[in-house]
């Protein structure tokens, strides 16, 4: 366990995601994704009272909840008790105008240097996969239709960060270039951050190659490079990831993550 | 006014439509269409307890209503009081599988010998119409997706029955032939009857040309031909349209059309 | 971005706006949608307001079956183009008289389509795709008289279909039963095609008979048809002369008066009665309450459903 | 067609059927859909029944996010092809173990698509068009690894889109809260994607926790999600081991036992534990009540939501 004043890496990750969110944005709180969940709620409670927060496919009103209980499963009916509205699942996935204000968080089995990612499986031959993944869920679409997305993974290693994804289920910046998406008719937001237990990466403006943005406290640049399977752009100065303020940490621990999912 | 035992032409028209309906079929009761409305309800009350009857965009349960009040406007909220379910209007118009059991009733400004019809307007030039019609509403689609449809008009004259429609908003049998619809990928049901105040027409099996089926009591074949703007097929024997039974007439007058819309 | 202490928690903004604020978003040439269905649920503060402000050259997307609210916009010269599968008032007016007249005289262009094509186009807009395919209409005059609708071979089976282009809406105006202050809108009944219009629009303003508490909305969240209108407009009797389900029926006498005035223009080329109608009920009233007073409280309270 | 006198009015037929009647409609090789969402609302009488009857070579259309009910059908050898954007159990099983194993070993083919493509395909079936267009997925591996999805140029603007083929369903099995005897089905909550599955299916059988009166349904007709299922199956605890919103939560211990058994097959190629699970809970029980007794009433009544 960490001291009362020191944030864990996962609390830091959540805070990075929170600080990217602006009031009025539309975000989904997935189940079993404690880091994005905490990030979204942190932004919502502290500076985003007009964010639309979707929990269990409902538009949830949790702004004044003293403690926002965490649910393990997206189908937990108890998580619908804050609902102001339901999103029929097909409307959620097909009505796309509201997603222009949306921010999405995606996981991945593999991520390449341009932020393309894979949830389908591992192997050279799709008909003979070495490892079959869970499937793309709604990630292919959500990473296109929202204003931007962040890749968030629970590990930082060369199995995840690969030179080339075996399959691409969510398009990032293709083979690079700032027009990589608009050339294909895809909205230009794309992946903004890649957040791992070691570091935060973003994408260089012109080439859209992945670039180290900051390392978490106690992590060295070399450690990140050693665990990344492709050449990461590294700026002259690499900052240390900003940690949550005392206020943020208090809200995280007393209202959002009382059970300590981010502290274990 | 007619005698107690004699049916009016509009009651006869309703009965013709009723007798084409089978139990289990899906039908819309439009507002301000008293003849099809009465036909649908007659079939439903007498031999179609499992028909789905849509009133005011609801699935209505009227089977045991002593008197089924007539509403003038499709938006009359009072007509929704029998609802078991609502059809969201876009689902009604886009979810098309249930319409395989559906039967539809269409009006028209013009009808040609192959049952093509027009609700758009009259005139050689679409950009300079002599008469602008109300628009096709849902008729273009409903005449394709339901199992069959009937054309029902309140007048029988050469303005309606024309050699060629100025515009076709509902496809019938095109330029003829039993495969006229399936050739275009349209389901093959198409128009079955054309019901007017003078007569009932159907379509000859092979050519799909319009054919006189029966004349209403007191109407001569010549009267029909004189009021039709194209050559109607006339079989050797033309029947007189069957009139409602005493039971049917009683149900029409005491439960369905108490206000007498079909009797004035 | 700023943080706050628990003592000064950020508050959620109310979305209740004045009708004039909403109307100020509309500029000449925009595509504006008007919800409801034939004789019900039209956002009449918005319709009269657009006319009063003299907005021009609108592309007006009506309801799947539009009523005489579109006719009124045409009569007043606001619409250059109408997207609607029907414009009329059922038994009160089989065809909108101003619609008929303006189209016959070439003053208004119709984007000719049927209800299924209409929803295919709205859905394409909501889905952010350029078109949706539809089968019905193959073999008819639609692709001829509406060149925006293309006949094409589908890429899967090679079947002949129609491509219905996306019907993108800049601003939608709707009328519903209730909303909370945050734009969670609920209807009595299903709200016709209003949901589909909302989904296709970049912004939406919803008139409501009543603003209710957030707690009231949360008692039945499944009923929330619109989870976040951009603006909510207080509008008791705001659909008048059309019905508002659960609140009042249509004012048939008022509608017939309008139809009579518009028919004089259509049949006798006499704009006088229509001009008088517009003066009295649209441009004349200082605000919505003034309009309702001109209609008369006795008339309004006679419109009970039961 | 026969008429009747008022004394012998025709009566409406009830649609309550036995599960075996519903299952008898399914034949080898058909396309069958299973509703619900990950760990909730799966029609488990149908799933276990299909296995018990030894149906083979099914194309199984799962939910937009399918759970381990699909894994079970795969484990039992019923499925030749799976249409599902996800098969797993969230924290209980990040990937369905039998799904993973069967796909890696080439025993089951996946119709690879994401949730938006899934609904585009279901909607095409409901609309009776051969495909629907979708934008997301352009540039990804989907059209490569699923050759049924075609890249094409849209006929309106020439933009590059994907054509998602119609996902026609022969028979859909769903699980809901209540229905009246006539097939008017209502959910607690929104029922996930069940409505879209229903609309894409030629026939549908819906398990319900409870059959209620038609009058009860008519108290809130807006809540009727399925206006006429072909058959209603009485099924208290019929989603077990998955949750049934408003009735009970998922049985995590039971699900974990299944995952353990299926993982033994996946990791150690040992079908023993999975065979034992199938014997005990699927092929062994004489009927649904026997299944529930094997689970145990104490366990079932411990699954309260609050």
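Note that the chains are named A, B, C and D in the order they appear, and that numbering of residues resets to 1 at the start of each chain.
The criterion applied here is as follows: a contact is a pair of C-beta atoms (placed from the backbone, for glycine too) under 8 Å apart; a residue touches a chain by one contact, two chains touch by 3 or more.
No experiment lies behind these values; they were computed from the predicted model shown.
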Third chains touching both chain D and chain B: C
Relative to chain A, chain with the most remote C-alpha centre: B
Geometric centre distance via CA averages, chain D-chain C, whole Å: 38
Whole-Å separation of chain centres (CA-atom averages), chain A against chain B: 57
Computed distance of Cα centres, chain C from chain B, in Å: 30
Multi-partner residues of chain C (at least 2 other chains): 123, 127-128, 134-135, 159, 161, 189-190, 222
Residue numbers of chain A (touch at least two other chains): 80, 86-87, 94, 145
All pairs of touching chains, each written as two labels joined by a dash: A-C, A-D, B-C, B-D, C-D
Interface residues, chain D side, partner chain A - complex: 37-41, 64-65, 84-88, 90-92, 94-96, 99-100, 103-104, 106, 110, 112-120, 122-123, 134-142, 144-145, 159-161, 188-190, 192-193, 195-196, 242-243, 245-246, 249-250, 305-306
Residues of chain A defined as touching chain C within the complex: 19, 22-23, 45-50, 52, 58-59, 61, 63-64, 80, 82-87, 91, 94-98, 145, 245, 247-248, 251
Chain A-facing residues of chain C, complex: 1-6, 9-13, 123, 125-128, 180, 182, 184, 199-202, 214, 217-218, 221-222, 224, 227-228
Chain C contact footprint on chain B (complex, rising order): 31-32, 57, 72-78, 80, 86-90, 93-94, 120-121, 126-141, 143-145, 167-171, 174, 184-186
Interfacial residue positions of chain D with respect to chain C in the complex: 127-135, 148, 150, 152, 154-157, 159, 161, 163, 165, 189-190, 222-223
